[in-house]
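Labels A, B, C and D are assigned to the chains in the order they are written; within every chain, residues are numbered from 1.
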């Protein structure tokens, strides 16, 4: 947004003081720039979801276009979910408000808004739960922390549950493991029952349902884009790559977020994958149908998540592949790791994934049959199957951003680091309380990567940016590596704003740069068409 | 995903722990434990009617008195206690108290055991051997 | 906010006082059953017995010229018997000697007075255990200064360096501080090693330090210390602050020495050698 | 701004006065000494069981552990077995550490805005320390109180008393746990009142149990160390309760005891309806009690139902011409 204040000013204005009024009495800030735009009705209709009563509306409106029996709908939906999700019920009951989570949320750190403390975010839902579903709340009402559901409460939900990126950082510190991501997911499901959803989530979801990917890329365009990358690769390396599409009988199906096909710097990562597979001579295929790893259903409802994810197994089965290899993506991997097998499984194709290059069997993916690309590449490196010249990345001083989902909903911490450290010579970690399971969100996860709330995103991403700034100042870090497509879209503006001079890359872009391809011409440019560092005498391959 | 059995098992264990006093007393308990055992007086004590102070006071405060005795004797070197009624006593657990209450088991221990109080007086101070 | 905090403290304070005051009243009620209990204004409840021996600073003169080994042993036996001092001597324990508890014991001249050996003293005399040593009840006792619980203290009334076994936590600082080795530590439960227990005197427990108490319990009932009684006149006990006392007269006439005088602890035990 | 503590404090004080007056003035010994304690205990048992069963009835559709360490993947990468458990055994260890040592709280950090626009995250253990102090001293106090409810008193109670009274100071011998409990509760209260963020999120339901527990601790300490109650009479009463032969002992017991007992009764009855149920909830937290092996072992969702998907056939139907044109293989020509 044009009127975004200067970084210094924005930083100075962060106020962590608590208001005088109790939080129940503070109305949500629904002024322009503070909310995500509601979804267009056509998306709701396309996805068979409940719609609002009006086509066009704004959260800033006093009256929201919801049906008259909206309270009943929410109440019934709530009740239903309490039965279907023990997590919800237990998280509603057990919080003792110890405050451990209070300053763990990036949105709270950045905005100072008390309702961005995970405890209060959950309390927005909890207060209604107490009022409607607990004995104490029914008898004692407010004294027991109960609060009747009003339009104001609904607006609060819309405001604050679309100010949570479901990053799970708070759940790391909670003594009972209360996971605000889970609470937010439930709240968004409830809001969706009234058609209250945001366009930046539902548009991609609708696209994905129709074309197989969020960006609505149709099969022929998908193929063209990939081939365009192949042309670039040929120009840079002199190696001609011809990937296959929807090819039956391939050993491996490769699925990556469509962001890697569409938007820089993800596209460079895509080129990295293609180079790697060519280097190995891998028997793989891409699919235009399962052309999306990401899943915006996760940010809508479990049903939508399941509907969107189904195509992966369906396509794997149709093509008769042995297993699926997945690209670098954050929430995609939360879905694959924790939900996919339960929702869309058991897999009715293939076998336990086995690397055709090293023979390593991925027992940890025995049932889901889906392997993360960094697991795959780390195994290759360990077995010395790749020829790399990390000095090609010598102009890059790299740090690694753990994406929320792979770190806190999967535990993928060492694999990307291992790959990265082989692909470059200058790697520095950010401070320890900001990485691994304590990593900070980019501020735009869970479908909030939308322009209209840019200031909120910059504030939410501040803790991450601040940690990058630390290594930027201290070690001269100029490259932020990550394994998430939303990160690759969200981090560049965040870096430009808070830490100018730091670029964002995927792990496999770094690998692609370093790979010594068979028959390649002498490279002078990296995958971004930028000159390679002056080729000094090759330093010994630093393998620490 | 059927973890209901596990949960019920956990709940039963929890209740067993919570209800410990009830089943413990039922199985291992001393019958009639809701009536406190009476401290038995020796003939000598019966004759004396009162202890160094009134019975009621002694019942509640004997440990405070003993505490005071030990401090005054050891630290101030005063070895004469003048009671409320003018009686004079040697403030000594072994020599005065146990002279009358020579039946530690029936007198001291009964209540102490009932209330699970384990005074460490006897670690150093002697008491008359019980004559069975 | 400030305001509300202050208000909180006030309310909280008052209410806790409220609950508290109620209960304290209940408490006082119980106490009032003996309105004039110990410590009330009816007058002193504790006193010294009339026959108690009193002094401002007890001291002792040991006339070693009058002592032989046998008397020394007798004094020790008597002292240890009435104070329930354990005897581990017949014991198999490999570290028995270290576990020894001593209140008073005979030693050789060279041990008692290191550095003051008389040059031409007959060998047999300088190595004859006829010097009874015990706690010196120093006027400036280092052991008192180091005790963290005040279990060791100097009685202001009569200068005896006392131990309150109830309070001793067995830290053994006093043992390190005492230059005379007058203190012993109960490494083991002493009770089994007491041959016939004196019921009038307590025993100690494992983990407690003990030493001579100048027979404070005997002085309180008008008796002389046990060793003095057993010494056949070789030990003279009395008030060092009283110029008319026997002990002062003796010290005025005879040349008496103290152990390690240069340390400045001012022992109250004197030796005529 | 925040009168929450006031409600709670006043409620607790009033409750105390009711019990005191009820016994001392109105002679309701039986009500406060027998009826209410039994009632409270029954409410506790039924309420607690109800809540747990209610929780257990809800499904666990997905395996959603919060992973706080390296997953098990390649053989040569060291798995974090506690924070990213793969087997049931590892889950049990994670849960035990969580329940017994409050491991997650131990990780706590404090966010600070430092010089040079630097945001810092400092490791702070105070909350963990206070919580540990509070919970463990409470446990010891509760176990110690079994001396009033058992005869003969079991060895572990006497043993615990010996440890607890290890210092052998003052008379009656000081039990550390009682003071630790009071200190723990007060520290938690002070945190709640003086840390602005915490004060802002706190509600009567947070203050009430704290004040109640402080009330219990204060009355308990008073009875032991200050105003002296007749312990033997009390044990007669409590043994009557524990052997289901309740009676009010002759001679009566100080009103202070009934205040203590009433507070305890209220607390016990309050547990199932309050946040104190976290003691049961922690066992059922799906982010902690599930293994991170969901790619290796399929987790069943009991209410899994078929959903409408966009099948490949429908997809090809939509784009067949374009696919053919682009040379992408199709099923139907």
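Going forward, a contact is a pair of C-beta atoms (placed from the backbone, for glycine too) under 8 Å apart; a residue touches a chain by one contact, two chains touch by 3 or more.
Just so you know, these numbers come straight off a predicted model, no measurement behind them.
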For this session: Tell me which of A-D and B-C has more C-beta pairs in contact.
Result: A-D
For this session: Give me the ID of the chain with the smallest distance between its Cα centroid and the all-protein Cα centroid.
Result: D
Exercise. Between chain B and chain C, what is the gap in Å from one C-alpha centre to the other?
Worked result: 31
Exercise. Roughly how many whole angstrom separate the Cα centroids of chain A and chain C?
Worked result: 77
Seminar exercise, completed: When centres are defined as mean Cα positions, the distance from chain B to chain D in whole Å is 36
Exercise. Tell me, which residues of chain A touch at least two other chains?
Worked result: 18, 20
Exercise. Of all the residues in chain D, which ones touch at least 2 other chains?
Worked result: 1-2, 55-56, 59-60, 196, 228, 284, 299-301
Seminar exercise, completed: Going by residue number, chain C touches two or more other chains at 1, 30
Seminar exercise, completed: So, in the complex, the side of chain B touching chain D is made of residues 1, 3-4, 7-8, 10-11, 14-15, 18, 20-22, 24-26, 28-30, 33-36, 59-61, 63-64, 66-67, 111, 113-118, 120
Exercise. Which bits of chain C are touching chain B when the two form their complex?
Worked result: 30, 33-34, 36-38, 42, 44-49, 52, 153, 155, 157-158, 160, 162, 164-166, 197, 199-200, 202-205, 216-217, 220-221
Problem set entry | Residue numbers on chain B that touch chain C, as the complex places them | 53-54, 56-57, 60-61, 65, 68, 70, 72, 74-84, 91-92, 94-95, 123-126, 128
Seminar exercise, completed: Contacts from chain D onto chain A in the complex sit at residues 1-2, 7, 51, 54-64, 66-74, 76-78, 80, 83-84, 86, 98, 102, 104-105, 107-111, 113, 117-119, 121, 123, 127, 131, 191, 195-206, 273-275, 277-278, 281-282, 284-288, 292-301, 303-304, 307-312, 315-316, 318-319, 322-323, 325-329
Seminar exercise, completed: chain D partner, complex, touching residues on chain A are 8, 11, 14, 16-23, 48, 82-91, 93-100, 102-104, 109, 114, 117, 119-120, 123, 134-136, 143-145, 168, 171-179, 182, 209-212, 218-220, 223-224, 245-248, 288-289, 302-303, 306-307, 310-311, 314-315, 318, 336-339, 341-343, 345-346, 360, 362-368, 370, 375, 378-379, 382, 407-415, 418, 431, 433-434, 436-438, 462-463, 466-467, 469-470
